[in-house]
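Letters A, B, C, D, E, F, G and H mark the chains as written, and numbering starts fresh at 1 in each.
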Amino acid sequence: MTSNKQLQDLLDQVARGDVDTTTALDQLIQAFNARPYEDLGFARVDHHRAIRQGFPEVILGLGKTPAQIAAIAAEIVARGSTLLVTRAGEAAFEAVRAVVPRATYYADAAIIALRQQDVTAGHGTVVVAAAGTSDLPVAEEAARTAELMGNEVARLYDVGVAGLHRLLGERERLASARVIIVVAGMEGALPSVIAGLVGVPVIAVPTSIGYGASFGGLAALLGMLNSCATGVSVVNIDNGFGAAAMASLINHL
Amino acid sequence: MTSNKQLQDLLDQVARGDVDTTTALDQLIQAFNARPYEDLGFARVDHHRAIRQGFPEVILGLGKTPAQIAAIAAEIVARGSTLLVTRAGEAAFEAVRAVVPRATYYADAAIIALRQQDVTAGHGTVVVAAAGTSDLPVAEEAARTAELMGNEVARLYDVGVAGLHRLLGERERLASARVIIVVAGMEGALPSVIAGLVGVPVIAVPTSIGYGASFGGLAALLGMLNSCATGVSVVNIDNGFGAAAMASLINHL
Amino acid sequence: MTSNKQLQDLLDQVARGDVDTTTALDQLIQAFNARPYEDLGFARVDHHRAIRQGFPEVILGLGKTPAQIAAIAAEIVARGSTLLVTRAGEAAFEAVRAVVPRATYYADAAIIALRQQDVTAGHGTVVVAAAGTSDLPVAEEAARTAELMGNEVARLYDVGVAGLHRLLGERERLASARVIIVVAGMEGALPSVIAGLVGVPVIAVPTSIGYGASFGGLAALLGMLNSCATGVSVVNIDNGFGAAAMASLINHL
Amino acid sequence: MTSNKQLQDLLDQVARGDVDTTTALDQLIQAFNARPYEDLGFARVDHHRAIRQGFPEVILGLGKTPAQIAAIAAEIVARGSTLLVTRAGEAAFEAVRAVVPRATYYADAAIIALRQQDVTAGHGTVVVAAAGTSDLPVAEEAARTAELMGNEVARLYDVGVAGLHRLLGERERLASARVIIVVAGMEGALPSVIAGLVGVPVIAVPTSIGYGASFGGLAALLGMLNSCATGVSVVNIDNGFGAAAMASLINHL
Amino acid sequence: MTSNKQLQDLLDQVARGDVDTTTALDQLIQAFNARPYEDLGFARVDHHRAIRQGFPEVILGLGKTPAQIAAIAAEIVARGSTLLVTRAGEAAFEAVRAVVPRATYYADAAIIALRQQDVTAGHGTVVVAAAGTSDLPVAEEAARTAELMGNEVARLYDVGVAGLHRLLGERERLASARVIIVVAGMEGALPSVIAGLVGVPVIAVPTSIGYGASFGGLAALLGMLNSCATGVSVVNIDNGFGAAAMASLINHL
Amino acid sequence: MTSNKQLQDLLDQVARGDVDTTTALDQLIQAFNARPYEDLGFARVDHHRAIRQGFPEVILGLGKTPAQIAAIAAEIVARGSTLLVTRAGEAAFEAVRAVVPRATYYADAAIIALRQQDVTAGHGTVVVAAAGTSDLPVAEEAARTAELMGNEVARLYDVGVAGLHRLLGERERLASARVIIVVAGMEGALPSVIAGLVGVPVIAVPTSIGYGASFGGLAALLGMLNSCATGVSVVNIDNGFGAAAMASLINHL
Amino acid sequence: MTSNKQLQDLLDQVARGDVDTTTALDQLIQAFNARPYEDLGFARVDHHRAIRQGFPEVILGLGKTPAQIAAIAAEIVARGSTLLVTRAGEAAFEAVRAVVPRATYYADAAIIALRQQDVTAGHGTVVVAAAGTSDLPVAEEAARTAELMGNEVARLYDVGVAGLHRLLGERERLASARVIIVVAGMEGALPSVIAGLVGVPVIAVPTSIGYGASFGGLAALLGMLNSCATGVSVVNIDNGFGAAAMASLINHL
Amino acid sequence: MTSNKQLQDLLDQVARGDVDTTTALDQLIQAFNARPYEDLGFARVDHHRAIRQGFPEVILGLGKTPAQIAAIAAEIVARGSTLLVTRAGEAAFEAVRAVVPRATYYADAAIIALRQQDVTAGHGTVVVAAAGTSDLPVAEEAARTAELMGNEVARLYDVGVAGLHRLLGERERLASARVIIVVAGMEGALPSVIAGLVGVPVIAVPTSIGYGASFGGLAALLGMLNSCATGVSVVNIDNGFGAAAMASLINHL
């Protein structure tokens, strides 16, 4: 009873006497009670999202035990969904592999994954640029996530602003992107510089790389939020996954 | 069409031919579209809340122009609801009085109010205790709000912890409370001391009173959040209204 | 000598010569010296609290050694009081069990407990809602504490705001609560949403779950303090115990 | 001299003797000195951006005097470019109008604008959702900016999370968006809730609306950065312009 | 009835029949009700303090209206107590002078005062050292307060650490102090240096003097709290009064 | 050559011809070169301090290796000075004991000490009050340090403000103090309450005890700095040593 | 008595009996007491500094009244020294001009100055680069100060990182500097980029330009402190004077 | 083709027919494509820097695995460049030594180095002053780095402001410096005091030494940024390397 047509049919049956009013009332009440979800479209949206993006359930490994991660992973895989676990250590992978033997571990990204569903390809390339080699774990979390979500990814690492020529030498690759993820710690200046060079959306990811007055990534975060360039928005410190999810949404528009 | 009885009636009318199916479908669709609110209970909750607490709409005056406040106030009063505007200055009251002549201004609480509906009385007394005379505007916001919501209010002012005898001399009034709102700036120690003396819920309101390392009420806020006494919870700095709303909910249980 | 009747009797005895003035003076001085506590009602309040709530002494395990915890626990149990230790690890439980063999360890709540006294039942149900699975340790601390204090507790876990349909599907359980404890980390938005759905007091507990700009729970704490919903008050980050103590006080009104 | 063809022609002229080497050298040196910009593509990028987005120069009015703003505005308009001044007060508009009589002032957005160039239309609708009426200045800055950049804009105001039914009643308008800008102060929970309802990119704009522990928008900012929903990125506090620029880039992909 | 002797007398009178038991009971009950204060010694302590220090009531003018200040001042003076108002502007003085014509205004210290009681002289000299001329209002608040409390005060101004010879040239005056108040803004280094030169208690007062990363005195406050010298304790930013009260307590030991 | 008497003697010898001028010049030059310290009084002050307080050199163990601590300790002891090492773990004690066999380890205070010089007794008692049992390490650091500096120390532990009767029951011991050190974590309210009860200097020591919004002692620190009581000054978080040094200076006046 | 020759002469006179020992002792004691300053060379250093840099006394106008500024200025000018007042408003200049008619006001730098002494020229050029037009007041404070201290100054304004070509187009001017002052607000990325382009010392000056999460220049300050480029050091927010003083010291080496 | 002379020659050859236009065009295009880097001078600047300073590539060991460090080190050494690794632990040195056997480990500075190129000597002495023994690791990082960059370094350790005579006794060594690096934790007052004594540039390095309200070096950092002395600039907390690089740049001017 999820369309006006079905309602019309029911009323017609009542009018004709084919269905008695007690039965009709039951069906209507059932529809009413079910509707909120249907009407709100939550389930549909979720389903839609899964079809379009291929990650109906993502597990944030941080703060979960290997056993907990493995249990949720098993459930997701049993439903036939694609598995994606972020912030997963070796121990988590061992636990997951015991119940999901085909799962893959991307150690440099701290990601466990198993693709079980086809994923719609994004329209262009997602460039993942990183300022320094210490930013790579976050950059790889972003890159792997974007790939698993169906995006072509180009990596552009070690292009920090203190050696501008390395960055300028990659202008063409930057220009070829549909959306750029920029990962940087310390002063977090790279997104401003890149956004000034190109005309595509830049998702900035501050990292906790640094020491002293970096305050765990706060300096980079504030730098990115105060970017004087247009076309920059920011995600949480070290949130490579979040940047990739945002970039993938954009790249699938 | 907000009850099963009405649905049953409609179906009976359809079955009898008193209502044709086109008309019935229209009514059902209208009900479905309305239902999400009804089904979710949002409107009912709101209505319920209004009947029970007497403040279906509260206007936070902060950051609104007198004209904006007056326009919203006029709309609320026209609906027959009780009016409550917090953080309202003289200018706001002038603007409101022009459209709601019967409105009252409680200058010490910065509140504009007009009671238009009966309010259910709370079960006990809400004590509003304040540490210093500078905390009175916030204390009065709490006290007036609690009164407008149907609570008996007892004020206990200038009972800061540095002169403990003043507080201890009021033990009986404290003990008579069903819920206590404690308003304090500076180090915000009063809620801990009071909660250690009584066995009723204490709602702590830090105020921005102080200077230097009070950092606009941060010191008092942190002090209250770290209270070593049990039975204390905290609202935002200077949020006398929020404390009163919470206290009133408790006092009406 | 805790009533005026007793004083009258003493004076009558003095007047009759049944008691000499030296003896009478001793008794009076003793009463005077005892009174401050009696008069202040500290001991009574404490006793009253114990009878009503069943937790005359609660041990915060954090920052105490297993040996210290065990020593205090043994003393409490020897007095016949109910034992409640929060933030207790396995080692603390081992130490406690050696001296209090009947003690129970609730590992998911990090609580050691032994009920020795009857506890007055609260009037309604305390709902403990938690946004994510990582918030469960704090939620369980709240739930177990509330149960030990005599409250019926309903757990509502994994109902974060990003999947609103899960929360909306539990409206009836929320509506059945007399007071709701809402545990959430990250952005801490759940209390606002729940308080907007119901008309009962909401005790918000920010958790330190998150990373980067969550700053150890600060983001959730600030979110909850700034809640735009009415009927929300907040306790310290990760303070499940404090929320339960507050909720229990309310539920026993 | 911006193509190889032109170089070839010059060399041919030198080879034929039509151009002497001194003149040719001058032209080559001029080209070399110009090239870095050409080669780096900076100017081209800028030009490209102007054609596509229609805002080659945007003036942040904050911290500039009316006279300064007017002078820059006059220069931009003289070049035939579209004028956009943000954070502009009445006085700034008076000064601008004296030199750019056709300029329009959008007081609710604090924006001065004059469209002089055609602007490429975005592919879909940019929804601008705002939690409260106090957030409207920032929301309008975003909405007006997005419109000036060629986007169809739908406004969805006063849909804060404490009254969820208002938001849920607008699901269809949300679902119709290609990108959503969500403006909210206080606890900043709205982006999480909206991102959980839809599958399009959400640009979150914290506002400085609030008091006490909102710390000038910090609470909302942290809340948004810690969003548990996917598909959310964040711009600076009160940065309606930045959100619109980002949204427009996305909507023009 | 504030001594055992009086109790004994009463009991003797009852035993002799000179006082009937009803009258005696009344007197005893009155004593009991009064005792908590007496027994706790709160009133005595307050009285004692007034006699010893001469400032039974100090008014913090900050955040009070001139009318409020004047009303409290009139009450204090009427009781015969010494008047001390800190953080008082010209308008406050005008209001106070209208009701307390003999009051004096120390504009450089923002203090209103009227000495009405003799004050016990401190045992030694309180040196008030200030780093820069901008720190003088706070230094004068400290110096005037200390003087009103009966201390001999020596002022040592403009002896900041960047010109160490000025400070070293005053070693003898420093060495003559019984307690030293050191007032400094910016980096707040002066207390460390002075405490390293002398062997007397140093009360450090950070001031809000500075800009940028002084963050309203936070830099100076943190500097003083982290002093590597021994014999330094700190009061709130700009709290000249508090430093003087502490110094006076020490100087009267 | 550290006194005027010695100078006079030298000149007399020169005048008498007992010392030739070349020898006298050498001695004078040597004195001049030494004098800056003498003249500045640094060495004298230090010597004076040692005689009076008995702690010419104190080693902060924090951040030093056991080997470093032992080396400095050996040097101090070899000079005949009293040894005091704070923040010393078991390993540090092992290392010290190897070179200073008579050294004592106060594990509850994390202090290593060896008294080698007589110490001037303070004039009165230093009370060390602590709010909770978790504050004891800091309280013991203060108490042991004060004792080593020649002060009579009275310990008053577990007198937090949430159980005010315990504190009030100790009024006499508080009243007997010449100076009071108050150690408290969490909300840090105890110094305000104690300073309101007594008329002696209170040195407040915030501790890092707590969790969540205690932010490592920041809440307690801010609470103490904002104390509404007079006669309170504050030292760094966990700085029991600093409080004791300050208290000892005061107690020796 | 500032040389060994004078000492020798005195001793010879004593030995010859030309000077009695009492007189000699007085002279020696006087010399001892005077020496510390001479020996420390403080006055000499100051004098030396004045000769070399031409700014023996600089007045920070911030937080001083026009009258105070004028009084100090008059004193400096009377001594024949060069006058430099920073952070001076129009009113301050009016007051100064009344007593120092020849003083000049640099309104864009908020500086009052009067050169009275020759100043040693620096060895090279100090480039002052500024990111945006709103940074100019701070940049001008730096530039004017550097000029008054004897440095050749080149201004390079509006070269923010979002439009990199403007900066790159000025490489030659940057390369010609002996030391570069870089003034930037918002994300403060400019110093990193410039330091990566050149091989000379860069003094970074964060400005309070920005809004929201710039937190009064904190974002720029942290960005600069975390610069990934080598050869960058930082001064306080908005401290153009401090940067110029540092640059001038370097340029005079 | 990196000079105008070469261009002129080519054009002359074309004009004479010695080079055909196709060949000339190829050479010109090649020059154009190479120029951006040449024209920008990035490579040259880098080369210039290497020749002058001897550290073409510096590896920040923090956050890199020993394997990563060793791989980069091997590459640098293979190119014949001088190796400098900062923040390197023992494990990193083991890994580096396996591939670069001649590398040296300076454990007290946590630096791995191998000098392979001659380095230009700085013009004067770099003094590295440190306040306390706990600051030595940072001081040694600065000192070793400065030495490797060709500077004569004088170490001045344990000269904190609380014992001023130790510092004043080293005035001559301070005065002999061309640039001074001052390393200090806790309150960070040392740079102000030293800058007040000398007339040379002071690079201040806050360290994370301290506890409680030092907040990981924040107190020292803020103290240094707010220095009241002129001629002070600041680098990141614990950034001994950065201070040395800055000092070396200055010392090579």
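In this section, a contact is a pair of C-beta atoms (placed from the backbone, for glycine too) under 8 Å apart; a residue touches a chain by one contact, two chains touch by 3 or more.
Remember, it's a predicted structure, so these values are computed and weren't measured experimentally.
Q: Of the pairs given as B-C, A-C or B-F, which one copies F-H, with over half of its contacts the same by residue number?
A: More than half of the contact pairs of F-H reappear in A-C.
Q: Name the chain whose C-alpha centroid is most distant from the C-alpha centroid of chain E.
A: A
Q: Once you find the CA centre of chain D and the CA centre of chain F, what distance in Å lies between them?
A: Taking the mean C-alpha position of each chain, the two centres sit 60 Å apart.
Q: Suppose each chain is reduced to the average of its Cα coordinates; what separation in Å results between chain C and chain D?
A: Spacing between the chain centres: roughly 52 Å.
Q: Just curious, how far off is chain G from chain E if you go by their C-alpha centres, in Å?
A: 39
Q: Would you mind listing the residues of chain A that make contact with two or more other chains?
A: Chain A, residues with two or more chain partners: 36, 40, 42, 163-164, 168, 197, 212-214, 218, 221, 225-227, 230, 236-237.
Q: Using the contact rule from the top, write out all pairs of chains that touch.
A: The set of touching chain pairs is A-B, A-C, A-D, A-G, A-H, B-C, B-D, B-E, B-F, C-D, C-E, C-F, D-G, D-H, E-F, E-G, E-H, F-G, F-H, G-H.
Q: For chain A, which residues are in contact with chain H within the complex?
A: Listed in rising order, the residues of chain A that touch chain H are 133-134, 163-165, 168-169, 209, 211-214.
Q: Can you tell me which positions in chain D touch chain H when the two form their complex?
A: Those residues of chain D that touch chain H are 4, 7-8, 11-12, 14-15, 17, 20-21, 24-25, 28-29, 31-32, 35-36, 39-40.
Q: In their complex, what parts of chain C are in touch with chain D?
A: Of all residues in chain C, those touching chain D are 131-132, 160-164, 186-189, 192-193, 195-197, 210, 212-215, 218-220, 222-230.
Q: Show me the residue ranges of chain H that touch chain A in the complex, using the header's touch definition.
A: 36-37, 40, 42-43, 46, 60, 62-64, 68, 72, 206, 208, 216-218, 221, 236-239
Q: Which residues of chain B touch chain C in their complex?
A: Going by the criterion above, the answer is residues 40-42, 45, 48-49, 52-53, 58, 123-124, 168, 171, 175, 178-179, 197-201, 203, 221, 225-227, 230-237, 241-243, 245-246, 249-250, 253.
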